[in-house]
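Which chain is which? They are A, B, C, D and E, in the order written, and residues in each are numbered from 1.
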């Protein structure tokens, strides 16, 4: 069916961009470019999210991650005027090599395991099924019923973050 | 108010006995640090009271008691895991309790007569130490015993570390680590044994009484390997404390660096707790392993006897000499325990008390000299008998007691042990006797070099004799040394009941040893059925 | 015709229509309008030479920008310097996708909703794109490797993020009232009844504070006077686009105007009934066409407002700007949210 | 799905301690902003809030908020631990902060928030709530780590702690995602036995990987080898009063969560690959922590390595994973909290200031000059070494006992060996305090009423629990009620 | 595996593919976290890891046809924002006193 193949193409593009720019993010030496690569990755991810019937999350991803968090990163990078990472010789080559190996091995193993994993059992009844076409009201209702406590906890968390950020970035002590 | 009715806090006698010194130490905490008089008063009063309680217990004790059940108390402590606050005494522990209370009084009296810095802490440490020692002696729950056993460590660590000599830190760390290593092994062994008991009987208990019952009734049901491991762990912990060659290396250091009081208690009581542990725990709980490995212990003990004496003979430092003599003497006690005949066991117990007194007195007197001259080298003295006649007299008494001169306590103990060992193995007895002879040589040499002869060192002209406080401390020891030598019967009666019990447990061991005096395979052939049938009174 | 194909054609037609209107009609005229308005307000003629009333001035401006030499500073980050204006421009152009420019029209046997994509995340889409646009400003500032540009970029990011917050919370109140994130639904809601019995149910009435906040914040978001600090020429030369020239500069220019148009359209949609008229129901094909006109008129008014304000008010200082955003608007917008919630709860709206 | 926005009184009562803490924390923030002269009273306000939160805690059991959180003996336990740890940090910290002119309200507010997060984390039955609680706790701690933000070491500590913590969060999320994906829920109550019982034969690699990620993340928080790297640096650089809290309650919380998750997944017994894994982690932590601590010359670093070793002992209980082990570890951890808090408070009281290094040698001769703090430190060293009659002994005893009963004698032996090694460095502190003459003059924080109370309290608890552990055991027993059927 | 979920069209792309992409992104992020020297870049890598996990959550939610996964992602995003705020504030504070955020140079405290 054409719609399906269209989805496949979109998936292919989005995931390729996401992965490629993720790698680029790691390889880049200039922090600003790292951030930008990550922005592209996040775009790819939000496209994938749309494919997964989660447009709300997709928008949120762009809005919060790309639009706020990464801009904050960029802001700090510029504030601190960070240029390239020092290119001088590596102080900890062994650790880095090990780290790379670990990450590669882990990625390979996990990806392999993911591919070979059998279908998960559909044991427990889910909290609520994804409604169509509009999942946002359902999400909202969940947020204020089953996840009410989590939501309130989140508000505390944000308060702490705000207080902390303010406190740490103040220059003077009172 | 007579002491017979004195029950502080309405508690039972044994609890009072154990925790009275702690109360004293706590009271001390409310005195200002600088108040020496207060420290002295509280310390002396507490230790006297403690002694009085122990005396009262002794007076009310029935010597026929075969198991540590007199004055018993048994309350839940950690009921969730079957751990109890279980105390009780028999003749064996009571003898050592008396020794402890007497020596503590002695030590505190002596400390009053000498200039000691930070006296408050010093007294408090000794009082806490006394709690640990008494607790270990009367505890019947193994975990409770372990707690008291470890509690002894800390005050001793402080006593050596704060009031000790130049290399005190090294000495005290070594003491601590050696002892702790052993006791931690014992700790795991206790846990494992509790597990074994749980599996065998289906109920949780850490009580020695329950364990002994299980052990003697065969319900213990241990594989030989497991029993050997358990026995090994317990024995190792106790042998470190004794200390038996080759685990003795911490002892000379600790003794040399410890202050006088520390040395007295260390040699007088702490070492005895090692042999006490062997008698109370290791041997009764694991009789088969004890029988199997007894001869090995005997060999170590023999080496210890000769080695200790030999090294003592080579010492120039008086304290070191006495320390090594302790190694030698306690090895003899171990030999007596291993031999396991009635005479040997009686002798061992008697010697434990006797050695506590004589060695305690020896250290006390060396301490007296040291406090005047700040040296313990024999070469720094010489012909001081005329200057310090009382000290000399006392020293000679103590030394002769230690050597085993008839009429003094050492003779009874050594004679009984050697006699007992002789029944079992002639060769052992012969070798052990050599150690005794060497003992006579080095102690007499010491007396010769230090006290007799012409005065060689000018600095000794200003030497003053033992003062009243010190004499007061030494007095009870001298009296006891002489009394026990002349009338050993009361003490022997006191421990008779427990010795009989111990003997029953160790009968197969003696049998095994007699059957095959030497050679490893003798132990292999020892069969379970050689054990005596379990008796009711062992249980309770 | 398969439904898929029809849907595709419909979408394409709508996109073509929207872009034609915005890029072809509104944008060039806007340049002219702004310059003429400036003249009017400052009591001078303004551009009046190119074509009648200077109407072709915009074309001339664009041609000029296209033909000028494109200069990239020596120490600039070439890639980012090139990409930055595009990052700003693309979101600006795609914002219009979710804004309904008319009611539902019945053509070729189909009910066609006059919005390119009436997605269920509506406003979030707009905010997401707006926030992406920030990158254009920041990167332009950074890539130029010029301290004035950098400062401009930093200021713009700080400013946009700060005001996005108040603006977003104000917008949330709108959706709270409408019960949906779909903009078409928001407009339909505003057309559906009256407030207090006589006022149209336009959000500007029950949520006057929110409306005010949204409008003012929109000025800040689009970097327009009085909040044009990122390009404050007195302090920062030209801010983030100091080092831009020719067509790249043109792109910034274009993006700014596009944002302005989009912001105006959003104001009209969210607070002033969008394509609807009060008390009247526009039905039939002509009604639908009329709704487009109504929408255009309302948007035009706000564009006019933007221009009017630009030439009337002085510029804020940066700390004043920040104070206003964080200490005034943020609490006020929260208050507005509470107020709206209460109204909804009591069934007033 | 429960009703929209339906909150019952029981729901609120369940999280009442957290609510009290959050309200008071906000109150302190407001007071700091608008009533600055009241700053001297903030410690008392904080203590009051702790007392109220404690009163608000209940003994009833059940799940609330649509099964997201529970109220149980376990949550009661962690309430006590968290509130106690904060109380000690406040008691001991106030004077030190006052001396350095950093007695700001945020310090107390963040501590209270952190405690609220901690309680929520352990209370959480839903892994999402657990995650949020963990984050709330951690975020506050990241900020507290850099409390002296003009001290390079402090900000460095904060950076390292933050990066490691964020990494751990990512791992935790991966684990939660996998659990959700493979088992279909994040509710621990529904997970009960799914992992071992369901039809994934014979071994679900992905699920194992996810669980491993969770274990790794929690091990980060607990600071177990090989996830311990941050601890020494952070301890060394972080504000000492804050370390008092950081080094105690959060570790306890993370460990309890680990227990809960493992128990939910493997209700009958710990299966094959996991028990050896935890055994290895325990052995490594014990040996590494103790051996490295021997060579430390900075007091706070030494305590950090000691903490790693201590958590190794606790990991023995994880490897055992029986009800007895759980009870034991609860006692052990309660003792650890009091003991370690006492140690760090003493470090704060006996150091020349936050900007100075905390060299071990600087303790020389302080026993005479500051007998109260020095005594508390001595006692805590003995307790950490596991010597009776302190609570440290009881805890170790129970943990080792459970291990031996479960047939893990080897682990108990390793634990004992570790204890022996640890004596080497714990006693060094004692030696410095009492047996060495002072080398240099150090200007110390004057002993004030609050810190004196803290020292007395901790000392009394260390001894009282060591001699009369029954009350503590009862608490642990109630808290372990979740471990039924073992 | 897609399951016939009420109202949601069956998936054209096998969910396993999404999972693999997520996993790979996670690994790339981890590599970055372990390899990068700049603290900010390390933090960026960690953000990537979190997003990879978000993708996993969404995929699993889709596979199971329930919203819990999406809900969790909502929370994760918010938490990430909070973390970023605090983290970047720490960077700024550190930079003020040390003038660098290179983790190799930040070695007052030995790692």
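Note that in this section a residue touches a chain if its C-beta (ideal position, glycine included) is under 8 Å from a C-beta of that chain, and two chains touch if they have at least 3 such contacts.
What you are looking at is a predicted structure, and each value in this text was computed from that prediction instead of being measured.
Counted as hops between touching chains, the shortest connection from chain B to chain D is 1.
Via touching contacts only, the remaining chains, with chain A excluded and nothing moved, are grouped as B, D, E | C. Set against the C-alpha centre of chain E, every other chain centre is closer than that of B.
Across the assembly, the mean Cα position most removed from that of chain C is the one of B.
Geometrically, the chain at the heart of the complex, using CA-atom means, is D.
Counting C-beta pairs in contact across A-E and across A-D gives the higher total for A-E.
Taking each chain's centre as the average of its CA atoms, chain A and chain C sit 28 Å apart.
A straight line joining the Cα centres of chain B and chain E is 66 Å long.
For the pair chain B and chain C, the distance between C-alpha centroids works out to 94 Å. Along chain C, no residue makes contact with two or more other chains.
Residue positions of chain A with contacts to 2 or more other chains are 3, 56, 60, 68, 72, 79, 110, 114, 120, 122, 126-128, 133, 135, 142, 146-147, 150, 154, 157, 160-161, 164, 167-168.
For chain D, the set of residues that touch two or more other chains comprises 128, 132, 135, 139, 142-143, 146, 149-150, 158, 181, 184-185.
Chain pairs that touch one another are A-C, A-D, A-E, B-D, D-E. Those residues of chain D lying in contact with chain A across their complex are 1-7, 11, 15, 22, 26, 29, 36, 65-66, 68-69, 101-102, 104, 106, 109-110, 113, 116-117, 120, 126, 128-129, 132-133, 135-136, 139-140, 142-143, 146, 149-150, 158, 181-185, 190, 194, 198-200, 204-206, 209.
Those residues of chain D lying in contact with chain B across their complex are 327, 371, 382, 387-389, 393-394, 397-398, 400-401, 404-405, 409, 412-413, 416-417, 419-420, 423-424, 427, 430-431, 434-435, 469-470, 473, 477. Contact residues on chain A toward chain C in their complex (touch as defined above): 2-3, 32-33, 36, 39, 55-56, 58-60, 62-63, 66-68, 71-72, 74-75, 78-79, 133-136. Only residues 4, 77, 80, 119-121, 124-125, 127-132, 134-135, 138-139, 141-142, 150, 153-154, 157-158, 161, 164, 180-181 of chain C touch chain A when the two sit together in their complex. Across the complex, chain B meets chain D through its residues 33, 77-81, 143, 146-148, 150-151, 153-154, 157-158, 161-162, 168-169, 173, 176-177, 180-181, 184-185, 187-188, 191-192, 194-195, 198.
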